[in-house]
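Just dropping this structure here.
Labels run A, B and C following the written order; every chain starts at residue 1.
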Amino acid sequence: MLTIDRLSLQLPFYASWWRRDWTTCIEAFSLPFSAGEVHAVVGASGAGKSLLAYAIMGLLPPAARLTGQLFYQDQPLDDARQRQLRGRELALIPQSLNALDPLVRIHRQVAWAAQRAGHPSTIAQHSARQALDHYQLDARAQQAFAHELSGGMARRVLTAMAHVSQAQLIIADEPTVGLDPLQRNRVLAALRTLADQGKSVILITHDLRHALPIADQVTIMRDGKQVETASASAFQGTGSALTDAYSQALWLALPDNNFSPDVIRAQEQTPKEANIA
Amino acid sequence: MSQVKPLHYQSTRLPAQPRLMAILNLSIAALLVVGLVTSQWLLGDLPQQMQFDARLVPPSSHHWLGTDALGRELWARTLAGLGLSFWVGSLAAMLSTLIALSLAALATLSRRLDTLVSLLIDTLLSVPHLILLMLIAFALGGGTQAVIIAVAVTHWPSLARVLRAELLQLRQAHYVRISRALGKSRWFVLQAHLLPHLLPHCLVGALLLFPHAILHEAALTFLGFGLSPSQPAIGVLLADAMRYLSGGYWWLGVFPGLGLLLMVLGFERLASHLRRAL
Amino acid sequence: MLEARQLSFQFSPDMALIQSVSLSLDAGQWIGLCGDSGAGKSTLGKLLAGYLTPQAGDVTLDGEALPKNGLQPVQWLPQSPELAVNPRWRVGKILHEAWKPSEAQCQAFGVQQGWLTRFPQALSGGELQRVCVLRALAPGVRFLVADEISTMLDPITQVELWQALKQEAEKRQLGVLVISHDSALIERLCPQRYHLSEGKLKLN
């Protein structure tokens, strides 16, 4: 569905008052995302996960320097096509809950998303209600304003918006941050449902453990590079099915496993500093 | 997959060196300011020099903006007036900002003080500016000092309100509370955490106050409550021009007025530019 | 010993968040606190650290009330380090706000000297969180309230942070209250675990 081919991203920063330098945030990232799958992109904060999402959506700051190619359904995805498909075929579930309009009732916002996908207004309203019901938001929540919702409810509203927009590719950026287990599971289940309907879901998260049960594929990112792409079933036992030491260590460091970072101590000398300096 | 050109985000939307552009803009503004400030010395007594053989001459190549009823060069008088306005305006704006900042800081100390400051702000905001201005300037006996004080005393409330709200919000910030828990005094927190955060607000606030202050200075002087008529202030020039307007001596009013307008608009723009940048 | 007796707290009169909760934390003791979001875990943590004042009950340290001014012997560590540092300060100034950790201590927490000249925005969440934890360990600090401090971190950074903290706590006999909704993490860290729900504390 979406293919990323050798994508690299550089962002400017000011080394001094006027000298502008570039830091590499994503380096030669290539990956296919298929329909009907949840593909988790996992990495520490600062690994470039969110930037990847913005690059796909075409929402990077104008000063960003991007090379490489994107293909959506075998057609190149360029600036103009991104603008055209955004909110229709491509949907982003943003990390920040500020993305909801504070002055508009929830059901209307979801209906807007449906209208943007091309539904006439009455049908849009109907499908908005259906989607909100589907994500277990009751009538009171549908009539509410954004600030009256809990974090988990707001995330589900954003998921419902992605749902009604008929998007084929859905990117969820850290959808579980700050949610308690019950809410988190609901949001993750909602994403799984979307994938089961034949859509392609990219789940961007630092929370490897909770991504695993719903993910088909997992890509581990570190410092802007992809470390390994493995099927979710490879993350079990001692992680011997994983080929890379870093992803193995990531798996073993979980509290339910070894809770020990010793595996990578030997490799910890990788020039992480050199990247930023 | 057909072959395609690589994506181009190398954008055309922003100049290649946005920060360099901003620095350039600021330098131009600074140059202008220096020019205005030093105009009093550069011009010498040219604005006062009377030429009785060239009274009320329209603009020409010899008398650039024309002359007034006493044969004084209008361009020199306009420039000197703008310079004077600049001085008065910046002093008043600075004083005003200082008042706003100290009252806002005072408001954070206790709830009662906060109520008091808020009350003061609301009271002053509910009284029309100009009337209060005239009263204060009149009470202080007119002159440059009186104008500066009157403008400073009447212009701080809106900025104080912004600063107070900002401070109240900032006081709840985690790092401020942690600083207190790490054993830092109230005073340390105020000067190390809170005030530096307010500096950009103050700068922009002062810059936004400045054109206001200039306009009110001119208005006050025009109405006769401000600077003395012997000084080449813009307000004085405009008041003079009123008397000759019916005689068709249009340049007397147009050029000082335009100068004032340009300066006010220029600083307004600079301020809004800065506000977006900070 | 840090002791909370019969604490009650509510934000609005009709909704009691915490109802007469008692809890004691000894030097060198690790206690875990879990519960659903909105159950009042963070509020209880803030009460213990003196960030909030209870409507009833009191928090005492060795039988005396917490000091009003000066370095607090109970330090609170919040979830997001980005909000816990002044964005205008360089990391060095942030770290040294209350005390100057030795090189060995920096190394134990993985705080690199190269960070000190940078601004916090240039550090990742995990790196910044280590700086924040180290900053709170000033001499004279005896208890820590760690409120979801590793939730935003990837597994490896999380383990490294806790290991460093565990060592330091052992050395100095720090008492630590770990607040998290990750029960697996709490099981790893704390021999004694509580569950907070409907304003009441239950021993697990």
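What we mean here is this: a contact is a pair of C-beta atoms (placed from the backbone, for glycine too) under 8 Å apart; a residue touches a chain by one contact, two chains touch by 3 or more.
Every value quoted in this text rests on a predicted model; they were computed, and no experiment measured them.
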Farthest-lying chain, centroid of Cα atoms versus that of chain C: B
Leading chain pair when contacts are tallied as C-beta pairs: A-C
Chain A-chain B separation of Cα centroids, rounded to whole Å: 48
Rounded Å distance, chain A centre to chain C centre (Cα mean): 30
Chain A residues touching chain C - in the complex, by the definition given at the top: 42-46, 150-151, 177-183, 206, 208-209, 249-251, 253-256, 259-261, 264, 273, 276-277
Of all residues in chain C, those that touch chain B in their complex: 49-51, 69-72, 75-76, 78, 83-86, 88, 97-98, 135-136, 138
Residues of chain B defined as touching chain C within the complex: 173-175, 177-179, 181-185, 193, 196-197
Chain C to chain A touching residues, read off their complex: 36-38, 112, 114, 122, 124-126, 151-160, 163, 181-182, 184-185, 187-188
